[in-house]
Each structure stands twice: as structure tokens, then as C-alpha cells.
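Each of the two complexes below includes subunit A, the first together with subunit B, the second together with subunit C.
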Partner chain A sequence: MRTRFSSNQTATRIFRSPAMIGWVLFLLGLVANAIVQPTLFKLSVINSNLGLAAPLVMVAIGQTAAVLAGGIDLSVGAIVTLTNVLVVSLCSFHHTGFWLAAILGVAAGIAVGVVNGFIISIVRIPALLVTFAMMSIINGVALAILPQPGGQIPADIYQIYGNTVAGLPFPLLLIIVGVLLWVVFRYRKIGRYLIAVGGAAGSSRANGIPVTKVRFQSYVLSAMFASLAGLFLTAEVSSGDPLIGASYALNSLAAVVLGGTALAGGRGSVSGSVGGALFLILVQNIVYFANVPSYYQTLVSGLIVVMGLATTGVLYARSGKWRLTNGR
Partner chain B sequence: MLKKGLATTIALSLVAVFLLAAGCGTPTGKGTASSGGGSGKSFVIGVANGYIGNDWRTQMIADVQQVAKTYEKQGVISKLIVENANNDVTQQISQIQNMINSGVNAIMIDPVSATALVPAIQKAQKAGILVIPFDGVVNNPKVTNITTDQYSWAKGGAEWLADQLHGKGNIILMDGLAGVPAENIRAQAEQDVFSKYPGIHVLQKVFGGWAEATAEQKMTSLIATYPNIDGIYTQDGMGMGIVQAYTAAHKTPPLMTGDVTVGFFKYWTEHENSGFHSYVESNPPGIGATALEFTVNMLQGKKLKSSSIQANPVDTSETNTVLVKSPLTVTDSNLQQVWNSTMKGKPSSYSLDAWLTPSQVDAYFQ
Partner chain C sequence: MLTIEGLRKEYGAVVALQGASLSLVPGTIHALLGANGSGKSTLVKMLGGVVRPTEGMIWVDEQRLETGSPAHAIHQGIAVSYQETSLVPSMSVADNLLLGIEPTGKAGYVARRAIRERAAEILDQLELNIPPDVPVAELPTNAQHLLEIGKALVKRPKYLVLDEATAALRREEVKRLFSIVCGLRDEGAAILFVSHRFDEVYAICDRATVLRNGAVVGTRSLSKTSREELIQDMIGQRISLEPVRQETGNSIKKQSLRLKARSLTNSELGGVDLEVSAGEIVGIGGLQGQGQTALLRALIGAILVRGDLETEGHRGLFRNPSHAAESGVRFISGDRGREGVFGQRSIYENIMIGRIATSPLWQRAWQRGKNRAVRDLVEQLKIVHHSLTQEVRGLSGGNQQKVLFARTLASRPNVVILDDPTKGVDVSTRMEIHRLLRSMAGAGVGLLIASSDDEELAGVCDRVLIMYEGRIVRELTGDLQPSHITKASIEGAQSEKGKGAETRADSL
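And then the complex of A and B:
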């Protein structure tokens, strides 16, 4: 699949790349934010922005895997919450060391993805229904584990998270690690299969691609990134909260679409979603520093996002490569 | 070609919005945060409100803005910044961080979470900003929470209901939102009261989200499920939803704790003679305005009396909270008087309201 592009077409390829839109939006947002907030590039400000961005970037990467393969994962927010309450409860109330708690928290998140993947790919119930139901179930489990906000993780963990390592903001390093983790999958068979399966499941199967297995794996990947996001968010807030992940399901989908990935699957890229996620974080800052009256902030930030989505859609339609539905 | 034009139009309008935002935006608080020196100090105060999606919170913010306006005229407050988060912790953290970065003097927070804001609050305190959580509380020994005494609020209604039922009967608990600090404190009070009465049997506890529509929907199915409801304990914001569910089922509600809204009071006054009885303890939206009074006093350097500061209702190991008692209780006996004096003629979503006057707040300080 990669061989379709020869090296002398690199420039065209970048310009036509689905990710392009996400990054253009991000840059536009960055310029607008810098105009209204001159202190934007102070290290402490960059740090605090990235601290909030890292979890959303992670969830968006995972969501991209699910969407590329032609599905959707509405349970990612609940998985973020599950990892958060598990890690904090283990640390605070069961005297587990942080790193063991972290591993168990991520493992629990991945287990949710395994169940999602099994029901969707093997039992063959639509992803929308399965992950929506799973969202309710896991939110309930999180409330049972930690009925009220509380607990804490060791102070040095959140101090490291909010700090710099070798002059670079620590959350930035985590984002880079997350993207690298994705690259590992992208350039193995599974990465190419994801797109093939999302684009045309029938012909993929005819061409010997294990469609069921790929679909299964996409939900495991999505859950894995969501639980890493839960871990990062835990480092950011240093405590547990049974409602903390609620906004991530829709925000991650917005990031994915802003990043130029087709909701129908088969086309898109993770790097675009990263741009989309960063754009969403910047919109918050822009409405604040532009002195938008509080009652209109939700409206204005919503409008900015809708226009971003429209730009994505129309620019893509122009290149004839983006379809809202894939005609099945 | 058409598509190309459309894309360009949208892209350009996006750029326009950004430029507009940039154009009208002088960075918040910049320059105004510095004091005028002497007694004429002027403060920039940020209000990070965790949720705005109900009438109660809307009234709370309006109260804060009303009191702030008086202080703005006096030159005590130079600017009030209000930010609302959609019950989303990360959004509220981002708003708090923006307030820190724009150099406010104090941040008042109606918290989405009692614990998750602590690192953001510590950042603010490190930057020399006074942090006052209000309405909800934050678990951090170094802040001063200003809140209505939610435990005694919930206890009052629960005791009234148990008393009216003479200690026995089947009841429904209509609670707010699981996992939210105020809900947890109130749920504890409900449990403490009702567990003292072995004759009182809780048929079901449901969460109405402090929202009329949700409460109505939940109550409709409860009426269909249980023919034997003797009493309903409801928190605020949901009383009218319950009444509407009963009205739709052509029934009169049983004994129930009520609501501070005009709509509920109207129903109550109209049905008092046909056997409808209720009890309302105000949980006034004015707590925000009260908290603003405290914030201004503290910015001016006044110190709270040590007797004013009590145990944090969420984490009783911390002593960091000013518990403001509910200013008014309404039963059948004073219903008409309260209705005629403060509620009649107000829009139906208006809540029974009150906040402490500057001199009442002064009594909490040294």
C-alpha cells in the first residue's frame, strides 16, 4: 500500500494527506491563541496546556484505530475513568505501589477493549450499541470502585508530570511516546489492515485479510490508548474521580474528524487526529482570552469546532477522497 | 468549482472568526491586576463555575454578578471574569489555568470535583492567588471553602419527612447526581436520618440529576412500579418534576419535601387545602454572592475568626470550611407569608434566594 507513493510525489502526498487539515487547523488555532494570549509560549503555560492535551491526544489516537477499521468506540471515556479510579484506589486504599497500580489500571482498560472487540467482531453486534452499553457498565463499575472523588497518588508523580525533562515539557514527551507507539502498529500488518478493513470489508476478506481479527484488534488498541490517557490524566489531577472521563468520548471523535479521518472508516491518519486534539485544547484558550462572555463561550467554541469540521469535510470532498458514508 | 468556492468561503470565515476573536481580545486582566496602591486596591476576580446547565446555577452566577457590580462601582473590583465548565474536570482545570496565566487576584471555584482540582489550585496558590472554593468544596488544607451546610440542609428535610410519617412508611429517595461532592454529603445525612427509623422502608433511590425533566421521567416510571408510595424525599431542583409526574398520572403527590422554585410554591399554595403538604429549606443560589463577600474581605487582608472555620464535610480530617446555615425554612405554617413577600410574580424558574449582607459576613472575621 505504501508503495503507491513514489518519492518524487512526496510534496503532493503531504499536501493531499488527510492529516494536513488537522495540522492546518492546529496552526491557525495556535496563531489565534498567540494573538489573544501573548504569554502562550512561556514554558509554564506550554506545560499546563500540554498537561491537559496529552490525555485527549492519547484517546484520539486510539479512537482513530477504531474509526479507521470502520467502527466507533464510545466507551473510551469510561475506560479513562476506570483506569483513573483503579490506579488511585489501589495507591490510596490498598497500599499498592504506583507503578504496579498503573500496570493493573492499564490492564483493566485493555480487558474492556478485549470484551468490546469480542462482542463486536465475533458476536457481530454493531459497535455503536456495544460500546455505548459498555460505557454505561464501566461508568457503573467506576462508581462502585470509588463512589466519591478522593484518594491521591504519590506527589512526585504529578510533580514530574507538570515539569520538564531535559528542557522539554514532560507531557510532550508522553505525546511523542504515544505517537511512536502508534507508529509501531501502523507499519506492521495491522496498521495497513485497519485501513483496508474499514474501506472495504468484503474485498479485504476476499483478499485474505483476517477481517474479524483486525476489527477485534482495533478495539483493543482503542482501549489501550484510552487507558494510557487515564493514566496521564491521573498524573495531571493526582486524585480519583468517578466522573472524570465523561467528555472524552465525544471530544476524541471530534478530534478524529477534525484530523481528516472519515467516520465511515478506511481513510484517515493518526497524526491528523493529534492535530485535531491539540486544536480542541486551543479553542478553550481562545474563547477565554478573547473575552467571550461566559454565556456565549460554549456557543462560540462550538461554532469554531463546527467550522473546523466543515472545512475538513469540504476540503476533503474536493479531493474526492472523503465520503461521509462509504456506500455500503 | 462550486465546491472549491465553498471550501474557500468556510476557510476564510474560520480565519475571520479567529481574527475577530483576536481583535476584540485584550488579554484578560492584563494591567488591571496591579493594584492602585493604598486603600484604593482594585481586584480582578475569576469565577470558575463547574456547571451552568440549570436555573439554580444561572441564578447563582447572576447573584455574583449583581454583588460584583456594586463593588465595581466602589472601585473595589476592577473586573469579574466568569467561566463555566460543562461538568467536565479537564475543562475546569483549563479555565483555572487560564485565570492563573492572566494574573487574577482571586479565583472562586464551584468545583466539579473535590479532589481533581488540587494540583491546579496549588499552581494558583504558588502564583500568589487567593483560591476560594464555594458551593461545593475542595479537599485541600490550604483553601477556605465557603458553602451552605449541606448536611444540615438534607437532614432537615429528611427529619421532617420521617416525623410526618410517624416513623413508618414506604418512601422514594430522589437524589441528585452520583459522585458529586454535595450529593455525597446529602446522601450521608439521608442515610443517617432514615436508618434511625426501622419502620421507614426505602423502596428505591434514584438520581434525578437535580433536573426537573429527568425527575419527572424517573418519577413517572416509579409511580407505575410502586402503588404504595407514602412519602418522597427529594433534593432541590426536582420537586416540580415529581409534581408534574403525579399530575400527568391524575394523582396528588404524597408527603414530599419540596423545592425552592416559584413553580413549586405556586402548586403548593394552590393545593394546600386539598391535602398536599411539603417542607422546603432554602439552599440559596445566593451562596455565590456570599462567597464573593468573603473573597473581597480576604483580599483586603482580613482574617477569619478561628471559630468560623469548621471541618470539611467531604473530608472531615481537614478544617477548612465556612459552613453557612440555610437562612429560611418553609412549612405549611409560613407558606402564605413567604409566597406573598418574596415569590409571587417572579418567573417560574426563580429560586427562593438570599445571601449574607456585608455586615453579616463581617461577623465571621476577626
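And then the complex of A and C:
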């Protein structure tokens, strides 16, 4: 009897998966973008678009971990900034080698996640407050490290970023590496437990899942991906800026929600968030190439994002339909 | 052998359990009985490690169990099926079954194929025909409860604790569960079986421990103990088991019609007609899952249905439950936790919301002077509490149910529709609720009650409608006997099966 379900089940599952929405939006965005910008599929254009996208994709992956586990991480943008200013100032003003600077920059970002995780999971202060405060603190630290935009990283690094490797745009490889890195976690116990804890913390505890530890780790993961994003961004822009990460906190949340992950936690996927992040990048392209006057660009792109979110909301309501439990 | 020694739990000033002791012997099934609020669930949660005792200890095979650690309890071979379930709704059936005990490969990756295989095994054992990758949230309640049990079974426990595991199950599912549980017992497991249903307790248990007000009254061998003796242990005084219907009797004259439904039809209902008069209690019986739940929900506009409906001052189907409530038709769900109480809000708010819900949005909600009305209701229904501002989730199941009744009464309804009003409620509260239903009817309210318990229907209803495959096939009136209702339910099924073919041809 059970086999009866399996034939159309895979299709149903893919179609009903919340991640679908993120990818459908991405494809729609791609079509719209191709119409207003005929050169979209030229390698150099793809390359520069992916270059813009890679950091946001990374931040969105990390944010998904925090949101799935029932939390939120507003400090990701500050972490991006921190890694950027640390790497650049170490390279330019302290003559550290790039790779050592990169390791230190990422380690600093992860340290922020450790502090977040500790305060949220062990001291038990709401994630919204903790990460909001941490955002201010880390932005302040970044300003202290690098008060003005400037500095530079070695030229060979940012030249790789704009090139292709084995025929593939380098930023695409970075995105693939980011996704693979996530896969390492997703298919271990931690990947399941993020969803379990976000979905029903009490049930998770009753089943012997270390809830506190899982919450802690979700913020470390989030910070790790954010600091890698900071590294990618640094490689792309090749200089430091103490305000560079400001937009990532909310954009990553938008990507997560566009990708069909429930802000309440427990439901969603990183795949959807990647689609959502790519869509957000496309929206900026579309608005620019559709010759929207620059005064109105944020207004229009905001409207498009709201429509995308509304679609997600409507489709979500349909897939996880509210219903009174039927006795049978 | 598992031994509990002097377990005590205090929540602030409230003592939930005062020094309970008992031991589970391998190869036996041990019943744990007690009225609501007697501390059964607290005891169960301590065994599972979810609640840490204030005092006392648990010994498993001569080893001391580290209390307050679910992981350690599982490691020691204790598996618990919780009354309120411990499933993650957004995760799949298979993932839930092996939650927390996922097999992993060498590199630390979860072995998904192994999970699916183990899940399929346990689903087969439970004869549950559900696809293993559907999210648990999409399953009906009884399947979810079976999964909760499956989740305990999959751990191959030495000590299995079943807390009200049968309350949400259908008869045939209970039978299957019992054969599995007896199999486990024969293999040398010890089982703690918590239930309100005496038939079930007598059917499979060897010994019973009775709790009253958080203390152990005694442990008895069931072969030497009568039902009355157990009830007396639970309640602490002699009570009559007489049905309450006779007290007010059928003396209430049929007055005006309160609710009239005509040919309600949807995927689960095949044209249901029914009428409820003022002062009348109409029961809906039948084998489980014959559309009773759908009928109740169709009446209040919670699910889509075609047909016609008439109530006092309103004609036509209700658009949604709040539309029904505005017209004085109130629903009390059988799913208290999800569709009943607001667990984190106070008793006061839980009761007042019934009246506020239908008043204009801008009206001042919490008016002074309403306190009095709420206090009267709480006293009238004997809701055990220490303050009106107390959170409802801290009350026992029976008291939560009474809060729902108080809420309904506060809204002064014309018609009250109830789904399994005494599910998971102890004997004495159950009788109080039955009396309350009669007194509501006496005050002119029309009541419609669906119940899987034929004794309840016989005891409290004036008429009982028997449903089969979404239609009403029999109506029983006069002197109602539980056995008659059961018989009619089964007969209804048989007589309907014969002419099933032609009716289906008709509907095409």
C-alpha cells in the first residue's frame, strides 16, 4: 500500500516545498531582468552579478540557520563589516599576509557568534535584543578599527574574484562552496536539530535533544557564514569600509522569508534562501536597467520585494493550510 | 526493575506530587490511575526526564537515574509516550519517529535510508498506512498519537510509559496497540499504563497504583480488586455511578427549535438533516470516524459544506465559527490544547474572551464589575484554582475543560456544540460535566454532543443519532442504553454496507 504514494510523491514534495517560491521568484526575476537588460547573459555581466550576489547568499545561508532554530540574527551585517575592516586594515596597515588576515577576520566574526549564542541560549535573553545590541557594538568596533573607507588588499586576490576558473565564474564557485559548506551541517544531526528546536523546543527537549547547545550553535553558524560573506565582499570591493555591511541584516532576512522559511522557525530551507537572495540582487538590476529615475529606485525595488513577500505569504498559507483538526 | 522512591515535586507553593513510590517489574503491565490533577502526568514527566523532581530518586536496574535529563532516561531504556505528544509538527513522520536517536554513518552524517527503514518497520507494526515523508502537522490527531507511541516503541524500551495513549485512538487501533504492548511484556519489558478507561486497565494490566492529590493511595493486584474499589481509591469517598439524566429527566418540554440543518453535504457528509430543540441534548454516536467531527465543524462554519441551516434569528450556513458565535451557536472542541484554552492567559481572560469575542472591536475589553460574573462561574463549576489571574496551562485537564464551559456559559449561548466533552477527564469531573450539561439544557440551551463513549451518550442525551459514512442512519430515543447505542452503531455499519452500491450510483 505504501508504494502507492511514492510515485507522485517526489513531485508533490518539490512542488509543495516552501523553497519553490524562492526559486520561482528568482526565475521570474531572471526573465524580467533579461528583458530590460539584453546583455544579462554575457559572461562578464554574469560574473559581476554573481560577485554582488555571493556575499548576500552567504549571509542568507547563515541567517537561515538562526531563523530555522527559532531565532534571528540582526548582527550579521555588522559581522560582515567587522571581517571587512579587519582584513583590509591588517593587510594595508599592519603588513599581515592576506591569508592570515582572512583567517583572523573570519575568526573574529565567529567569536561574535559565540558571544551571541552564549547570551541568547545560556543567559536566555531574546535573540532580537541581543543581536540588535551586538550589531551596534560591532559597528562601533569596526569604526574604531577603520574610521574611514580606505586600504587595499593584494591585487592578485581581487583579480581572481573577477575571473573564471575552469570556465566557471569565480563568484559562482564561492556560492557553490558556501552551499556545500551548509550541506556539511544540514545532513548531520545539527541540521535536523535546528529544525526540531525551532519547530517545537519542548518536544525536542523531551526527545533528548540538547536544545541549549543547538541554539548556541545556530548563532555560531550564522556568524561563520556572515564572516565568510565579509571575506568575499572584501575580495570583491578590494578595500575597507566601516559601513559596508549595513544592508545585510535586513536583506538576509528578506531573502530567508522570500525563500519560504517561516520566521517563527522550524520550517524552511537554505535552498529557498539562496533563491531569495539571488532574486533580491536581480530586483536591483531590473530597477536600474528599466531606467527608473534614481530617486525612485529604492521605492520601486521595495515594492517588488513586498510583492515577492506577499506571494510567499499567500502560497505558504495555501501549503500549510490552517485548518481545524479533523477527527480522522 | 525500575523503582521510584519518594518523588516529590513542588511548583512554588503548589505540591504536585508528595513522595510517590512505586516499582515497575519486568514482564508486567502496571496501571497508574488517579483523578485529574492527582499528579500522574508529573510522575510520567519525571520518568521521562522532562521534569526534575524536588526530592526523591529513580533507580533503574540498581543504578540511580540522573533526573531531569531526557537523554539519560532514554539511554537507560525508558521511553515515554506523552499525553500531549512530543512531536515536531514541521518534521516528517520518519524524522519524528527517530528524533533524537538518529543513526549516523562514519562521517557523522545522518543515515537517512536507515531512518526510513526503521520508520517503515514501526509503521508496519502499528499498521499505520501513512507515507513516512509527510509532515506530522498534516496528520489527523489519532495518527499523531499513534506516532507518539511509535516513537517510544522504536527505542525498543525496557521501560515503556504510556500516558493516556489510548485517549485519541479508535477502537481497532487500541486493540493493535494492546497486542504490541503485550508482546513487549512477554519479551520482558515493564510497562506503565496511565489511563482513565477501566476496561482497558482490566484488559491488560496486572497491578494498579492509584494516586490521589499527589500521593499514592496504594498499589493493588487487579485480579483481586473491583472497579468500585479503584474508583473509591481515586475519589476517596463513595460515589454513585448512576447516570445523571434521571435527575432532571426528560421532563423539559420541547420548546422552540434552536437549530435546524438540512442536507449538509461535503466530501465527508452525505446529506445530514438534524434538529435540536431548546432544552434538548442530542447525541451523535456511531463507530469512530464516520463524519461526526466533520458534521460539528460544518454546523459552525469551520469547514466548507453545502446545505441549509436555521437558527434563532439567522437563516443560512455560517461563514465561519465567529459568525456562528455571533448567532449564539458555540463550539467546544475536543482538542483542548490547540482549539480550546489560551494556555498562557489567565482564567479570567479565558472565560471573558467568550463574551468579548462577539462584541465590537473598539469596546473596552476588560471591564470592572465583570469580575463578579467570572467568579460566580468559577465557583459554580468548582474550578480548582488559587487565583483568577493564574495561567490556565497550570490547571489540570478537567479544570481546563471547565474553564471552556465557563467561557461558553459567559456568552449566554442558544446552542452549544461539543466534541468529546469528557476526553481525558477523570470520573468525578466527568459526572460534574454531565450534570452541568443537563443544567444548561434545563436553562433552555440546545446541546449537540458527539462522543465516542456510548455510556456517556446514554447517560446524558435525550436522543442519539447514529452516523455511518457521513450520514445519519438511526435515531435512538426513549430509554437509552449504552449497549443499544453500540449495537446500533455496528448494525448501522452492516445495513449500510449492503446498499452501499446503489446509494453511490445514485449520487453519481
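Quick notes on this structure:
Keep this in mind: the second predicted complex is superposed on the first by the 312 of 328 C-alpha atoms of A that agree within 3 Å, B and C clash if a C-alpha of one lies under 4 Å from a C-alpha of the other, contacts with A are read in each partner's own complex, and residues count from 1 in each chain.
FYI, a residue touches a chain if its C-beta (ideal position, glycine included) is under 8 Å from a C-beta of that chain, and two chains touch if they have at least 3 such contacts.
Remember, predicted model here, so these are calculated numbers, not experimental data.
Of the two partner chains placed by the overlay, only subunit B lies in contact with A:Val287; subunit C stays clear of it. Of the two partner chains placed by superposition, only subunit C is touched by A:Ala200; subunit B is not. Contact with subunit C, but none with subunit B, is seen for A:Lys189 once the two complexes are overlaid on the shared chain. In the overlay built on the shared chain, the residue A:Ile209 is in contact with subunit C alone; subunit B does not reach it.
Counting the residues of subunit A touched by each of subunit B and subunit C gives the higher count for B.
By the touch criterion defined above, A:Val305 lies against neither subunit B nor subunit C after alignment on the C-alpha atoms of chain A.
No residue of subunit A lies at the contact with subunit B in one complex and also at the contact with subunit C in the other.
Residues of subunit C touching subunit A in their complex: 48-50, 69-71, 73-75, 80, 82, 85-91, 95, 99-102, 104, 108-110, 112, 120, 123, 129, 131-133, 137, 140-142, 151, 268, 288-289, 292-294, 297, 302-303, 333-335, 338-339, 419. Residues of subunit A touching subunit C in their complex: 1-2, 5-6, 9, 13, 187-189, 191-192, 195-196, 199-200, 202-210, 262, 266-267, 320, 323-328. Subunit A makes touch with subunit B in their complex at residues 28-29, 31-32, 35-39, 42, 44-45, 48-49, 52, 55-56, 143, 147-152, 158, 162, 233, 236-244, 246-247, 281, 284-292, 294-295, 297-298, 300, 303-304, 307-308, 310-311, 314-315, 317-318. By the touch rule above, subunit B contacts subunit A in their complex via residues 3-4, 6-7, 10-11, 13-15, 17-19, 21-22, 24-28, 49, 52, 61, 82-84, 86-91, 93-95, 97-98, 100-102, 112-119, 123, 139, 178-181, 184, 314-315.
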